[in-house]
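Look for chain A in each of the two complexes below; its partner is chain B in the first and chain C in the second.
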Partner chain A sequence: MSFQLLLNVFLAFLWMFLQNSYDTSTFLIGYILGLIIMFAFRRYFHTRFYVGRVWAIIKLILLFLKELVLSNISVLKLVIKPQLDIEPGIFALPTDLKKDWEIVVLSNLITLTPGTLVVKVSDDQKTIFVHALNIGEKEEEIKGIKNTFEKAIMEVSR
Partner chain B sequence: MIETIIEVIVAVLIGLGAFLSLVATFGVIRLPDIYTRNHAISKSTTLGIMLILIGTFLYFWLIDHHFNSRLLIAVFFIFVTSPVSGHLIARAAYHSGVKLWEKSKHDDIKEHKSSAEEM
Partner chain C sequence: MKNNDVILQVTTKVIVFIIVLFSIYIFFAGHYTPGGGFIGGLMTSGAIVLLLLTYDIKTVAEMLPLDYKLVAAAGLFIAAATSTGALLFDLPFLTHGYWEIWLPILGETGLHTAVFFDTGVYLVVVGVTLTIIQTIGVSE
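Let's look at the complex of A and B:
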């Protein structure tokens, strides 16, 4: 991805030198033209065309914000409710993610999800131990959410 | 007219942020053990402080026409660091042997450890 980005900036600079005008608007036009050229020649890159990855990152950020708001609403309900009917517990979550930064992003996302908090990542980085507020009813549902998170992260790193 | 609308939006943002911080504080008083308290603190204060900072940013930008990018950087830093600090506190508590609440259901870390020792 970084190589394609660098190539795109290089093409934009080439356009500025061809036009002999050095300002932001010429740079932007050159950048868009370079994007079109790179899209036409995308079969020569080893990785996929980088705009898709940028879009996946934007979707991941939006997912983060949505989960943050939802988890705040659930904490609000829990604290305001008169009786305390929670069943906390720690469960193990197997993960397929390999790289360090993917695991960091996944555990941050889990921590900001309603009712879950990462306590520990196992030494071989294959299991994440999650503390849940309501373990009985929610475990399956939470695992479903995790699958969507893992999928969104894999979308970025693929 | 527009200034009033902006002021109302800013007031709602800052009020909501302060309210969420208050809820987090009540959560710390009410909830039974360190892990459940961590739930309340690491989520509610994150969004609370972010909302207060965004409200401040909008006020200075739209009323005083002063674009303060440091507030946006602060929002980003808090968003990135506070779940990590919540995780680290829970992990440190678990490793120094703090017990879970007695009504807690099960504890997979203990099972994981004992099965690893058997092998």
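Let's look at the complex of A and C:
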């Protein structure tokens, strides 16, 4: 991904030198032309074309915003209830993610969506310990959410 | 029993560069807007303190092989030299000069010798802060 991005920026600069005009619009035109050329030759690279990865990052951000709103509403419902019928608990979440930054992004997504909170990452980085506000029947649902997050992160780093 | 600090370390990797860049911005903004050498130096020290919190003193010493006492001394020397430089032009101590110079990329730029004085302040602040913190950290 980074190599393709650098190549694209280099092509845009080359376009600026060829046009002999150094401003933003020329750079943008060169960037778009480089994108078209690289799309035509996309099978030449070892990794996949980087626009797909950028789209996956955007999808991850949108998913995060959606989950943030929904889970905030559910926590608000818990807060304004007259009686407190929550059942807190800690459960272990096995994860298939390998790289450090993937683990960090997943942990931050879990923490920033209310109702769940990352307590600890295990030493071998195969398990994340999560504190849940309502552990009863929610566990399956929470695991489902984590699978969507994990899938979205996998999409980015695939 | 060592904790797995993966979240803190990866976050620090990103954040440190943002803090250092912002401290340089604050340093150069000091002539016309709030900022300057003192707060810029404190923020740079803050970035290095974040590294010290994330890793240990040995690792940070390998990353930045600096003797902070020498950094403070160099800053003091730069500030003093800039101040006494005015005496060479038959002007009172601490007089600053400035020139409007045309630079190839930046265009018309005002260069002021107060920047060198501020650089001295910056280095003194970084050196003193980190000397204090590292001395406290090493002592058992």
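The rule is simple: the second predicted complex is superposed on the first by the 157 of 158 C-alpha atoms of A that agree within 3 Å, B and C clash if a C-alpha of one lies under 4 Å from a C-alpha of the other, contacts with A are read in each partner's own complex, and residues count from 1 in each chain.
Everything that follows uses one rule, which is that a contact is a pair of C-beta atoms (placed from the backbone, for glycine too) under 8 Å apart; a residue touches a chain by one contact, two chains touch by 3 or more.
Since we're looking at a predicted model, the values are computed, not measured.
Applying the stated clash criterion after superposition on chain A shows that chain B and chain C can sit side by side. Taking chain B and chain C in turn and counting the residues of chain A each one touches, the greater count comes from B.
Using the contact criterion defined above for the overlaid structures, shared-chain residue A:I103 touches chain C, although it does not reach chain B.
Of the two partner chains, neither chain B nor chain C is touched by A:S21.
With both structures placed on the common chain, the touch criterion links A:H131 to chain B but leaves chain C unconnected.
Seen from the Cα centre of chain A, chain B and chain C lie 70° apart once the structures are superposed, a value rounded to the nearest 10. Once chain A of one complex is fitted onto chain A of the other, the partner contacts of A:T47 are absent, as it touches neither chain B nor chain C.
When the two structures are aligned on the shared chain, A:K120 is found in touch with chain B and with chain C.
Of the two partner chains, neither chain B nor chain C is touched by A:N147. Between chain B and chain C, the smallest C-alpha to C-alpha distance in the superposed model amounts to 8 Å.
Judged by the document's definition of touching, chain A residues 107-108, 118, 120, 122 lie at the interface with chain B and also at the interface with chain C. Every residue of chain B that touches chain A in the complex is listed here, in rising order: 20, 23-24, 26-27, 30-33, 35-36, 38-40, 42-44, 46-47, 79-80, 83-84, 86-87, 90-91, 94, 100-101, 103-109, 112.
Across the interface of their complex, chain C is touched by residues 100-101, 103-104, 107-108, 118, 120-123, 125 of chain A.
On chain C, the positions that touch chain A within their shared complex are 2-4, 6-7, 9-11.
By the touch criterion given at the top, residues 64, 68-69, 71-72, 75-76, 78-80, 84, 86-92, 107-108, 111-112, 115, 117-120, 122, 127, 129, 131, 133, 135-136 of chain A touch chain B in their complex.
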